[in-house]
Amino acid sequence: MSTPLLEVSALTAGYGEVQVLWDISLKATAGELTTIVGANGAGKTTTLKAVLGSIAPWGGRVVFAGEDVTRLPAHAKAARGLVLVPEGRQLFAAMTVEENLEMGAYSKRAARTFTQHFDHVLTLFPRLAERRRQKAGTLSGGEQQMLAIGRGLMSDPQILIIDELSLGLAPVVVQQLFGTLTGLKKEGLTILLVEQNVHLAFAVSDHAYVVAEGRIFTEGRPAELAARPEIRRAYLGL
Amino acid sequence: MSAILELEGVSRNFGGLKAIDNLSFVVNEREILGLIGPNGAGKSTLFNLINGVFPPDRGRIRFRGVDITGEPPYRIAKHGLARAHQIVQPLEQMTVLENCTVGACFGRESLSRARASEVAREAAVFVGLEDRLEVAAAHLNIAGKKRLELARSLAAQASLLLLDEVLAGLNPTEVDYMIGVIRRIRERGIAILMIEHLMQAIMSLSDRVVVLNSGQKLAEGAPAEVANNPLVIEAYLGDPELAKEFRGEAR
Amino acid sequence: MTDLASTHVAQRRDSVLRRPFFWVIGVAVIVFALAPWIGNDVELRESFMLATIYVILASNLNVMIGYAGYINFGSIVFFGLGGYICVYLMAVPQWPLAAAAPAAGVIVSALALPFGLGILRLRGAYFALATIGVNEAVQAFVTNFKPWGGASGMYLSTALFKPLGGPMQALWTIYFLLVAIMGLSLYLSWGIKISKFGLGLLAIGQNEDAASVMGVPTPLYKAMAYCATAFLPAMAGGLYFFKGAFIQPSDAFDLTFSTEAIAIVMLGGQGTIAGPAIGAFFYEQLRGWLLTSETFSNFQLVAAGALLLVIVLFLPGGLMGWLYQRWPRLSRWIE
């Protein structure tokens, strides 16, 4: 297996006094789509927050492209190409589609490749091109998710980390978005995806981690994992 | 077994959102009933409805046959219902013993302060806080604070405990200890309705389980039954149909 | 919300009489009463009288602030209204002091109930503002109420001092009565603190919602505290304005008085009994000094504000809190 682009080892973290992550270790290989699944409260989002620096890890290491980035603040990680598409989109509702995309290219790194990415995003999501000057808050759920991904792409990512893609979206839209993801992966983008819907996650990913109670419960190629009863155990305890 | 808590057609809206939708179930005497469901299913909201933080829009809640729908929290406590919160709420500057004394003074029985202090001490010892009786609640660690929430509820001499994620944030040793305490509470004849995300713990503790999804009851029954219920599996793991279609398209 | 200087509340079943503090209060009160009288020191009496008023206001206020955590900025309204009722009852239907003062206490407490039930639904800063509102509203009412002299106020004829043995003697009698009320205030706030009612109030002060879930009847207890702590200040107001033989709205409802009382409670150590008393004493001395000083006039208000800031930032437990930290055994004797 090729060297991982992102490697997380023995990560621990929590909020205030409460420890949520007890031991998280995972790898995202370049050019692959890796997913993290698990029940709510298991620590999926907390893992992303700790990796990205929104919350400071209590222990463990995060190595990205060979560099130890564990203690770097979030914006410094973004500048190195660790880009997050957050849960619930978190767009700038009062700004237009175009302005949101521009905000994505805020860092120096991304500003250099602005035009290239901008055209790419509008080609990838024709719906967004149609609505360039529309305020982001007035878009439909699916369009907002497209915009969120687009904004992420504007940041010139080396790895695109997506937190909960399918949440609150209609099935048809979800299909479309996952199709887009597969396409992006074929173009060489490395993706780390946190996803609620286990079946969908397995359908698109090359490698999957199952998180339960703040630990990695099991991991493997989706084809192998899907057959095992562990998945259900991770979610339902039995 | 007779029912100690009955919910009948309970509903509660927030704006346009149906947080709890026509929910009915019972908790029996001396039983541990687990309440599970994906995030946002309405579990904590349900606890708020039961212990009077806000009233339901529709439906009835009965405790030992008495209608307690919409009563304020301090009256619910007098009926014999106590709650341990998800985000612990100790009386910070008071000692462990004082915290429990408050619970005992104002709980099911209206005790004098002196008598309440004795009941409080017993409750604190029961959960293993006997070495920290004079410690201010603010100085306890998270495990201690969780035990204090439990002790306070016990001191109130409740016949039904609402436990809201009392295991969250604890390390495996502490989790095991708390599970033992919960079992001993049940042995005392106290019924328990518990919300928990630690699935292995709640499935092994519960006599029966109710599954909530989007404010509605999805399934009810013994833990093993519920875990094998395809609807429940789908609620947690997601709709398998979506993936099938996707695979079809991709091929 | 608030830090209690000490919530070390004795758990022993001892009767009150066996607790040292009971006697400490008694002795302090008697000493306070006798000190000016023995030397017939009128100046000392006047200074002490002012101090007793501060103690009465502060120790009653302490129940709302230090126990229940509700900051009553307008607590002076009890004092002022009590003053008006007592003065009026003596001036017009010619009631004796012995009837008018308690009547004032009872009426003000009774009025406090509907007001209290209304404003106690508010919390934090909103409640504090509402208490100021109550004070202003009552002041506005009295200012426009002709039977009570409106803005000009009411005078009492000195003939009213005759039943008390003439003006000179009356001043001593009033002083002793005020000292007695001070003693009652201290015993009342102490009695509340060690009772079940007090435990409930302290729980409310720590976390009102948690207290409610634990069964503390929060609306009732808050209202009871509000009314109970109106009674003695109202009587004290009656005695104070009777002594001066004159009452007007701007004096009776002066917010600076209640602000000073808050500073005193916090300076001395909120939640303790001795705190407000000692704080009142020190503050009154400080105030007296600042008033007579050449350089500063009316500076006592700036001082009160600055003191409050210092306490909140560095000494949240006040004087008693600091003392308890240095000498923990002290809390057995002085609560």
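So that you can tell them apart, the chains are marked A, B and C in the order they are listed, and the count of residues begins at 1 in each.
Going forward, a residue touches a chain if its C-beta (ideal position, glycine included) is under 8 Å from a C-beta of that chain, and two chains touch if they have at least 3 such contacts.
All values reported here derive from a predicted model rather than from experimental measurement.
Leaving out chain B only, the groups of chains that stay linked by touch are A | C. Averaging the CA coordinates per chain and comparing them to the mean over all protein CA atoms picks out B as nearest.
Set against the C-alpha centre of chain C, every other chain centre is closer than that of A.
Each chain gets one centre point, the mean of its Cα atoms, and the points for chain B and chain C are 44 Å apart. Chain A and chain B have centres, each the mean of its CA atoms, that are 33 Å apart. The centroid of the Cα atoms in chain A and the matching centroid in chain C are 61 Å apart. Taken in their complex, chain A has these residues touching chain B: 14, 17-20, 22, 39-42, 166, 171, 174-175, 178-179, 182, 196-200, 202-204, 212-213, 231-233, 235-238. Residues 3-4, 7, 9, 11, 13, 194-196, 199-200, 202-203, 206-207, 209-218 of chain C touch chain B in their complex.
Residues 38-40, 141-142, 168-169, 171, 197-204, 223-224, 226-228, 232-233, 236-240, 242-247, 249-250 of chain B are the ones touching chain A in the complex. Within the complex, the chain B residues that touch chain C are 51, 53, 72-75, 77-78, 82-83, 85, 89-95, 97-98, 101-103, 105-107, 112-114, 116-117, 152, 156.
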